[in-house]
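What follows is chain A paired twice: with chain B in the first complex and chain C in the second.
What follows is the complex of A and B.
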């Protein structure tokens, strides 16, 4: 059984002319960390809203094709049922926080599923610890920094014990420190908890270290899907679809051009350092000896 | 107005602060004694993490906040003695969230609002509006409702409404937040043109890629103080300073620093420069 299965999905928002998603087919395995990359308007948010049935149940339009989450067709079950399987985190944490304390915020979901009180307590503590917000139980969510708010929003999604977490540009409004904290939480979710994660991003830089797969989208269409190295290696292609390429892939691509080769294809600063020491800087020294 | 000299910072001080302090009600000391001169034609980035005081500084420079002590001089006049409307003719400020300043029913009305309220005659209002609409490439959108536009477009409208007041200095608070790579590039190119035409640009940002590519001068803020004021190359040669202000240098800068012991200079800022230096080292130069 797949975590997510989109089969030839098209969706058009009510009163809009264009297909927000156009003939998209995508399968996500359990435990996979998939990053959806595309510019504003490429269809990534629409795809996120499909995963827990907010489309078509809460947001109306014309939906074709089928969307299954852990084997269940989201169109055929209520959002409340999908919500137990899929947790969603949006761009701006303010849009989803509303309680007086962090603890109430994180407890809200399971309370509404009538989870027993003791179990709720356990879940709240577990979720707050996982996102690095242990001890903030009694703080008002609105007194927190942007990065902390977003981590509380993730904890609130996790307390439902979802099997899959979907995040739509979660670092959108965060400063560099907030981003760092957020991405280390995402890394833990994958590496320590084996969570299935779908992450929508405009920028490849931060997610590439822990994504199993990247999916490129443009104008509602899925252009390419594959391992980071395959999908991200050509910076010109990414720029063409309005996505900022990882900066070191631009170094690789320019080195290839200038040295008349195609051997460079690093993705991270560490890989780049290794390759450059071996292939660019070292031969000179040996030549001189 | 001072004629622009393309790409060359002018020495005329448009804004000067002396021992500028600002304390919010409740006692938070957001600015702790800043001495800063902004010269005509500058392209300055003010960088720092959340809570470093950069937005407070921006609001003090355009008179939205008056100093608790010390002075901010705009064209030689202290802001404490000027009306906000008078300062607005010299120093324009575009908010981080464009929706905080958009309220009209069409893009054109939105852009007209500022110069109209500054009391310019109709003929001049029209000229200023046309220039602003052209500078931000809004010709196609002029009849549309601002709030129906996409974020990148709304940001351009909010900046155009500031440009229309024809200030000498444009302060932009996090202008690239929420924009994708294409929208961001388009906006930054527009700002580059405005700077070449003589406008002084002050960017408040934590996007160090934008800083490396566009700013000529960088002011690093931490805890309400300026911890560095230098040309942008100077900032990227000192990773410790960036760390102190919770800023992440762009990957190409980090890579250059890792390769420093192999002869790559500390102050590389772009992909082009790094590759040039790598090939030079390889060639034995």
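What follows is the complex of A and C.
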């Protein structure tokens, strides 16, 4: 059973001419961390809204094809039921937190699902600890920084114990420190908790280190899908869809062009350092300069 | 900004600890009492009692003065205007054409002002000692539908957000040369359109995401919703209720059954 299965999905928002998603097929395995890259209007937000049935239940339009999450067709069950499988975090930290305290915010989901009180308490503590917001129980969400708000939003989704977390540009409105905190939470979710994560991003840099797969989207179409190393081999592809490629991969691509090879492919600064040192220190047998 | 909307101040007094439901009932009862009492000295006694409670809740004078500033102005207005519009009774203290100032009317004005003072202060104690989340929780627990409680909570929660939003839109428009405090009333209200339109658009957008967020968190999934925090009446809360009942029942009995003029 796949975590997410999109089968030839097309979607057009009501009163719009163009397909926001056009013939998209995508499968996500359990425990996989998939980063969807694309610029404004690429369809990645639409894809996120499909995963828990907000499309077609809350947002109207013309939907074709099928979307299933852990074997259930989201079009055929209410959003509140899909919500137990898929937690979703939106771009704007301000408008997705609506309670008067952090604790109530995180408890809201399980309360709606009629989870017993003791169990809610345990989940709230667990979720706040996971996102590094332990002890903020009684603070007002309004008084938190952007990064803290997004982490509370993640905790609020996690407290429903979903099997998959979907994040739509969660770092969009954050400062660099907020971003770092957010990405370290996402890394933990993958590495320590084996959570299935779908992350929509317009920046490949940060998600690179812990993504199992990059999916490139443009104008509602899925252009490419594969391991980051393979997708980033040609940074031009990213620039083409309006996404800035990570700087180290640009270095690799430049080295390959200059030296007429294709052996350089590194994703982190450490890898780059190792590969370049190796190249510099190796005895020049062929006499090539 | 926040001080205007949320009067709550954290402290650990018996009034802060009291069950919010008891506090709501108490405020209603004391308000009722302010209407039952018609003698000035009794109302002043009630006002003293209420201020004693305020003092026990550790309200600072500056905070109280700030919160009750408008009420105080209103009270002064009542004391001035009442005798002007109420010419009944004797002796007449002064008269100017059709306007007659009589002694009983002056006292009636002062009495009404004292009553308004009692009402305002007693509600202020409630807002001062009860957090908004406790208030909403108490209302839901007292039988208000959860949807209504949630709506109230969301409104309260987003007031400062929209306050901040309006401020930043104002600043942005001022930076582009919009003058908000110059010109006549018509010109000024016209200029405010430039603030109002972006605010409304942004509020609608926020409401849109909000509804998606609510649904994504399984809102309305089950009728038998549970709650993380419960309100529990402690013995001291029952004592407070009993004391309050006595405070109200005695004067009410005296006034309506025994026909004592109080």
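Observations
Going forward, the second predicted complex is superposed on the first by the 279 of 289 C-alpha atoms of A that agree within 3 Å, B and C clash if a C-alpha of one lies under 4 Å from a C-alpha of the other, contacts with A are read in each partner's own complex, and residues count from 1 in each chain.
Note that a contact is a pair of C-beta atoms (placed from the backbone, for glycine too) under 8 Å apart; a residue touches a chain by one contact, two chains touch by 3 or more.
This one's a predicted model, so the numbers in the text were calculated from it and none came from an experiment.
When the two structures are aligned on the shared chain, A:58 is found in touch with chain C, with no touch to chain B. When both complexes are overlaid on chain A, the residue A:178 reaches chain B alone and has no touch with chain C.
By the touch criterion defined above, A:251 lies against chain B but remains apart from chain C after alignment on the C-alpha atoms of chain A.
By the touch criterion defined above, A:272 lies against chain B but remains apart from chain C after alignment on the C-alpha atoms of chain A. In the superposed pair of complexes, A:27 makes contact with neither chain B nor chain C. Applying the stated contact rule after C-alpha superposition, one finds that A:108 touches chain C and leaves chain B untouched.
Interface residues of chain C facing chain A in the complex, by the touch rule stated above, are 131-133, 136, 153-154, 156-158, 160-161, 205-207, 209-222, 224-228, 230. Taken together, the chain A residues at the contact with chain C in this complex read 49, 52, 54, 57-59, 78-81, 83-84, 87-88, 90, 92, 94-101, 103-104, 107-117, 120-121, 124, 140-142, 156-157, 160.
Residues of chain A that touch chain B in their complex: 39-41, 145-146, 172-173, 175-180, 202-203, 205, 239, 242-244, 246-248, 250-251, 254-255, 258-259, 269, 272-273, 276-277, 280-281, 283-284, 288. Listed in rising order, the residues of chain B touching chain A in the complex are 49-51, 150-152, 177-184, 206, 209, 246-248, 250-252, 254-255, 258-259, 262-263, 271-272, 274-275, 278-279, 281-284.
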